[in-house]
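There are two complexes below, and they share chain A, which is joined by chain B in the first and by chain C in the second.
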Partner chain A sequence: MSLSDLINQLVIDTLGSTAAFRGELVLCGTIVLILLSRVFNLTSRVDSFYVTLAGSAVALYLAGPWLTVEPVGGSQQLFTGLLVYDSFTIYFRTLLFFFAVLFAVFTRISGVPDRDAAPDVYTLVLGATLGMCLMASSNHLLMVFLSVEMASVPSYALAGILKGRRQSSEAALKYAVYGAGTAGIMLYGISLLAGVLGSMHLPTMGVRLAELLQAAKLLDGTNMVLALGGLMILVGIAFKLSAVPFHFWCPDVFEGASAEVNAFLSVASKAAALALLARVAIGFGSIAVPAVPATQVAMFSVSEQAATAQGAPSEAAAQTATPKIERSSQIKALAPARDFLARVLAFTAIITCTFGNLAAYGQTNIKRLLAYSTIAQAGYMIMPIPAAMVLAGTNPEAAGAAMAAMAFYAGVYLFMNLGAFAVVAFLRNALNSEDIADYAGLIRRCPIVVVCFSVILFSLIGLPPLAGFNGKLLIFSSLVEAKLWTVLVIGGLNTAISLYYYLRVVKIMTIDPEPENRIPVSLSFIPGTYVAAITLPLVVLGIWWNNLNQFALSAAAHLF
Partner chain B sequence: MESSYLTLLSLIVFLPTAGALALAFFPREKTEAMKIFSLVITAAVFLLTAVMALPGKGNWQFNTSLSEMQKVFSIDWIPSFNINYFMGVDGISFPLVILTSFVTMLSMAASWTIQKHVKAYCMLFLLLETGMIGVFLSLDFFLFYVFWEVMLLPMYFLIGVWGGPRREYAAIKFFLYTLLGSVFMLIAILILYFNSDLTKLSHEQLIASGVVSSQLDQAEQSRQIAQLHAKSNAVHTFNILALQQMGQHTTVFDSELLFGKSLQWWAFLLLLLGFVIKVPSVPLHTWLPDAHVEAPTPISMILAGVLLKMGGYGILRICYPICPQAGYDLAYFVCALGVVSMVYGGFAALAQKDFKRLVAYSSVSHMGYVVLGIGVWSAIAGTQYNSDAWKMGVNGAMFQMIAHGISSPAMFFMVGVIYDRVHHRNLDQFGGLFAKMPVYSGLAIGIFFAGLGLPGLCGFIGEVFVTLSVWNYNKGLAVISASVVIITAAYILWTLQRVYLGPEYKGPHGDHLHPMNARELAIAAPLLALAITLGVYPQSLFSYMTPSVDRTVQDLADWTRKNDETARPKATAEIDGAEPSATVVQQ
Partner chain C sequence: MDESALLENYLIVGALLFGTGLVGFFSRRNMIVMFLSAEMMLQGVSVNLVAWGRYHNDWGGQMLVIFILTVAACEAAIALAVVLTLFHKSGSLDIAIWQRMREENQPAYVDRDVSPDYQPDHQWPKLTPSGIEPKPDLEEITHRAHV
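Showing the complex of A and B:
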């Protein structure tokens, strides 16, 4: 292949990819716009909030499922296989862009960041969101690493955005050091795997691994190297997920950073990390449906009719027919890898969930409490992935449903944690405090916010008829299907454990008497409305959750 | 037809919710109006159920000649998870629905003494009613679970905000216990769901379980059933009636799950755990004395009158029919739970110094009869699969639930009346109330006798039925359960003596002992009247429930016979099989 051919291919590939990538491109444009307005000193005249809001809304509109570019063949590779574009990508991108819109509105209402800091903060937020979109669609270990870093580095800066606050700076430093350490470990793991398997392209690595396992050519040493490499990559993802034992940054960062940043970290970052974990787990535990490279897509679309005349599709069909048999035998061969992943992830999920719930008991600061709650919730959200690993070999449909359970919960979780941190931020503005004890008797002062916060907390416990219950139901369903009884029972017990500390917050707000010397608390109409608007979906999705469930199911339909 | 049932049952369930939402718009200071409004709502719900109870063949009337589910409707709710909005009523659930609406109405009337945060109280109270009635009416397991849990939150706040001194402890204890039980229940529900398979059911079974509506014409039914049977994958379901059919007529729940025990064995145990916490049976009863004592009087009435019945209802509607094999294997375990609760509850009641705690422990003891009556699996090979004793036991248990649902709220109300006056419940400081409050004392003595199980009052029938049926099952258990009556008599009579008899009241606040007012009388008198009516003419209640109870038991007895026949070698089965038919001929 000559150089000009290569360049030609690259051009076709890139052009073929852009249509599916336009949401992210809009985000890039928005970032550049905000930076330029900063350079030309326009920020005093144009509020960067509106730029952010418009940018993320347009991105949401272009990337959402309503106007989507259908992935060719269910799953399509972008940019020479670095990214994958399928319904799973669409689901998580929609989620992230939707969150960006809600988040922009939230920061506007809560007043953090102020107008001077706004361009910086929004640039960082949008940049991190971009990285998270890449995380959710990674198809290549290089991309995995780059996207994790791209999401993390802005987050470090965000954690320290409250200038002049010691705690905030400390949190940012802790976060950055921890992040750098885990990134190094992850990179080492990637190099180990790439060395053994000779590729960084996830589907190719899966095939190579299957070939090695099939031929039983693995020496004991290689086995260890593979396992070690896998574990090291998981360390990087576990850090993003704040899974035990890589959670230590979480409570400190959450306490130090502002509630707004916490909302961003706990929702967007977690959703993207989950999607990434799913991608990596599927990459090594199963052979993905052969994705169509963008070059082929472009050629199809350019010369579709001509190709039909020449009988090209039948050729393509013949090409996919043979791999089908091969694919199922390869999936079978990957059983040890799946088993390994399922064990490691199930163990992580159990420990994370239990630890988060137990550690939340003694907390007096609401942000620390919610940080531990976030850790525990991450544990629940990891659970369906080992279930999917167990099911992938025997029952692809059920494995897809397990991933759908994770996606569903991530969708519900968006409302729960955004709502919770919104309440914390608004109450901080009103009370100037983030101690749970200072919330005593608040129901007499701002009943709507307290009722909404209670609903959010009940949804986090998982009580019907709220959306959090349905998420948990789906997760537990996947565990039953996979017959992971230990995880199931521990997950169930954790629900009962978590009741106590969530309910304690509710109890303090509703049952406890008001302190006598409290400054008058008043919340204006707009914050109350915002909180109510975030809480309402929890009730609506608690009763009519069919559509979201179907969206999640269709998102996971092409994964296995 | 179906749409009219939809209207009726949805109205009964969700009218209180609508009322609660409407209450949100009441001005804060109009407390009296809120109470009246709530009372009107609960009365309207009671009226609706009372209309159903009227004799007649109208569309909304409960048909006592039918033993199957009636007023059934089913609407797709979450199609991607096979969940339906599916409700219906039969002779097992209907008496409990009426009991619920009746007790709720009376306890709303008893709520006039509530002065704190009236709006929140009324809203939570009405939401609680939705949850309680919903549990009894839903036939979809998911729906059932949602209602089961919906009840918890209002109850937590009703105890936690309006309760006595240790209310927060009692409320969280109640919540934790029940949530733990329901988590296990959820696991069992999911296990059953993922192993259920509608394609295994026959034409008749699908129609009987309401999967395919019986209202459709035959061609449409056949088309839908053929469509279902053509599916290659298993079709999972939350339909409780379909799960019952599967449990009794197919082998889908027989596969081994863990530690050599079958799937249904585990499901039964997990479900039983959830229900037994609610009943409650010893040793999972410790939430009850705290919750009952700390709750305000009207909430104690609801707790004792309705909430405990959900456990018994669940065991009868769900545990046994869905997992018969496990029920058969664990029959003695269930009976033992019942007997231990009866004895332990009785002795614990004897030891109490607090009037309300005594009544609470009497509930533990009385609900033991319910568990025992349901658990008497006497239809075994040794009795030629004669299910008469078991039918008697289950009928007795059902009767006992209703009777206890009348006497126990009444007892709590009587304690509440005296507590409102003298602000203590110490049994040793009472005495001589008869002289000061003769009407109250007369009613109270009547009600306590109903709780004691005096012939002619409602408590007697259930206890006697259960005890007699146990005699046919295990004579030892029968002797124990019969002697519990002595303990019951001891603590009730001793209480009556300490509280109402004696020369004069010497405790604190003696000057506040004014007679009952009209409102209190209007709550206590109907309860006592009902207790007497049911005691004198039990047929009034049996006529509603016996057909359905007998049918449920007969199904299980048939299952036992079939199960034994398939399990035993053919030759012996033939010999044994000849005998029962011979006895039938002789009769």
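Showing the complex of A and C:
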């Protein structure tokens, strides 16, 4: 192939991809704008908050399901197969952009990046969000690594954003050290897997793995190398998810960093890491429906415009008919890989959940408590993935429903944790304290915020009629479907355990008497409204949860 | 030398580099050396990838190496910035200083078994102060000439 052919193909491919990628492009443009305002010293005149808000709102509008570019054939490959664009991508991208909008408003109200630091903070936040969008849509191990780093590196800086505070610097150090180590380990795993399978493109790797397993050519050594490589990649993802045993950074970083950064790390970072885990697990455990490369997409549309190629659709149908049989036999051949992944992930989910809930017991600092709570919640959110792995071979629809349960819970979790950290930030502004003991008797001072916080905590426990209950119900029903009884029982027990420490916070806020020497606490109207606005969806989604559930189901429809 | 033997040699070198980096990362306490070890892990990965790329006759491995180098530079920049702020606060590169945040009722890690021939730092002789006490120069106090 000559150079000009290559360049032509590249141009077609890039042009075919940009339409599906415009949300991220808007985000890139916003980052550049904020940086330029810094360069030309316009920060006094241009408020970077409005730029961020506008940028993420436009990105949300362009990438959301209402104005979406339909992925051709259910799933479409962008940029020569580096990214995949399907309904799952759309779901998580919408979630992330929506969170970016809410987060910008939240930081404005709580006022933590002050006017000076605001451009830096917003640049970092948008950059990390961009990395997280790539995490949710990565289809290539290069993209897996790059997107994890794109999300992590800004997060290290964000953790240390309160420059004057010793604790904040300590948090940044611990995060960066942990991140550097796990990134190295993940890369070694990538090099092993990519080397043995001879490709870094996830669907191709799945096919190669299936061929190896079918031909029974795997020597014992190769088997071990593949398992080791898989485990090492999971280490990198587990670090982002703060899954036990790679959670040690989480409580310390959450205690040291400001509550705003915690909200960002616990919601956006976790949702993206879950999507990435799902992508990697599906990549090795199942053969995805062959995605249409962007070059072909462009060509199809050209030929349709010309209305000459009548044979093109039937030809395409004939092409897909033969791989279908091959695909099902390959999926069957991948059963050992799925079994391995399901075991590892189920075990991780169990210990993550149990450890998080047990460690949250004795905490006195609300941020540490919420950090352990996010660890436990990560455990619940991992559970549907092994269920999907178990089901993928026999019942693809149920496997899709399991992934949809994960996506639904991630959507609900956005409101729960954003709300919880918003309350922590506003109370910090009012009380100058983050100790749970100082929240005593707050119900007499700011009843609305306390009621909202209680609703959020009840939802985190999973009590009906709140949205957290529906999320847990979907997750547990996917476990029943997959007959993972051990995981189900331990998940149920954990819900009971978690009751105690969430309710303790509620009890301190409502029943305990107010300390006598406390300065009068008052929260103004706007923070209260914001918290109420974040809490309201939890109640609404608890009763009318069909819409979000349908959206999640359609997101997972093309995965298996 | 045939291809697979060549591959094996390079994989051994890569694994050694990675292993050395990992051991160094876990055992060192100087922050800069820790991050150096982390970089060494990445170099081991790069050797691996280039070797596999040659074995499969595929440029993908080399491409990933270029990205690894770039990302490693970014990570090192952030890490060094953090180290610098920490050094300004404590005047030491020892990572064990930074353990204020931990679980309650968890004892702090202190060095036991300091070897007997350990000399803290050179002890300078002290003069008896006399005359008017000079005004403290803030810059002099915060500036540290030695690590």
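The definition used in the following text is that the second predicted complex is superposed on the first by the 555 of 560 C-alpha atoms of A that agree within 3 Å, B and C clash if a C-alpha of one lies under 4 Å from a C-alpha of the other, contacts with A are read in each partner's own complex, and residues count from 1 in each chain.
Here is the rule we go by: contacts are C-beta pairs under 8 Å (C-beta built on N, C-alpha and C of every residue); 3 or more make two chains touch, one makes a residue touch a chain.
Quick caveat: nothing in here was measured; it's all calculated off a predicted structure.
Aligning the shared chain A places chain B and chain C next to each other free of steric conflict.
Measured by the number of chain A residues touched, the leading partner among chain B and chain C is C. Look at A:Leu473: by the touch rule set out above, it reaches chain B but stays clear of chain C. Legend: residue contacts after superposition of the two complexes on their common chain; A:Leu142 is shown touching chain C, with no touch to chain B.
In the superposition on chain A, A:Gln550 makes contact with chain B only, while chain C stays out of contact range. Once chain A of one complex is fitted onto chain A of the other, the partner contacts of A:Ala496 are limited to chain B, with no touch recorded for chain C. Of the two partner chains, chain C is the only one touched by A:Ala157; chain B is not. Of the two partner chains placed by superposition, only chain B is touched by A:Leu463; chain C is not.
When the two structures are aligned on the shared chain, A:Lys507 is found in touch with chain B, with no touch to chain C. Figure note: vertex chain A, arms to chain B and chain C, all at CA centres after fitting on chain A; angle 130 degrees, rounded to a multiple of 10.
Taking the two complexes aligned on chain A, the least Cα distance separating chain B from chain C is 25 Å. Overlaid on A, the two complexes show chain B and chain C touching no common residue of chain A. On the side of chain A, the complex with chain B involves touching residues 458, 463-465, 469, 473-474, 476-477, 480-481, 485, 488-489, 492-493, 495-496, 499-500, 503, 507, 510-511, 545-546, 549-550, 553.
Across the interface of their complex, chain C is touched by residues 141-142, 145-146, 149, 153, 156-157, 160, 163, 166-167, 169-174, 176-177, 179-181, 183-185, 187-188, 190-192, 194-195, 198-200, 251-252, 255-256, 359, 362, 364 of chain A. Of all residues in chain B, only 77-81, 145-146, 149-150, 152-153, 156-157, 160-161, 168, 172, 175-176, 179-180, 183-184, 186-187, 190-191, 193-194, 258 touch chain A in the complex they form. Those residues of chain C whose C-beta lies close enough to touch chain A in the complex are 11, 14, 18, 21-22, 25, 31, 34-35, 38, 41-42, 44-45, 48-49, 51-52, 55-56, 58, 60-61, 63-64, 67-68, 71, 74-75, 78-79, 81-83, 85-86, 89, 95, 98, 100-105.
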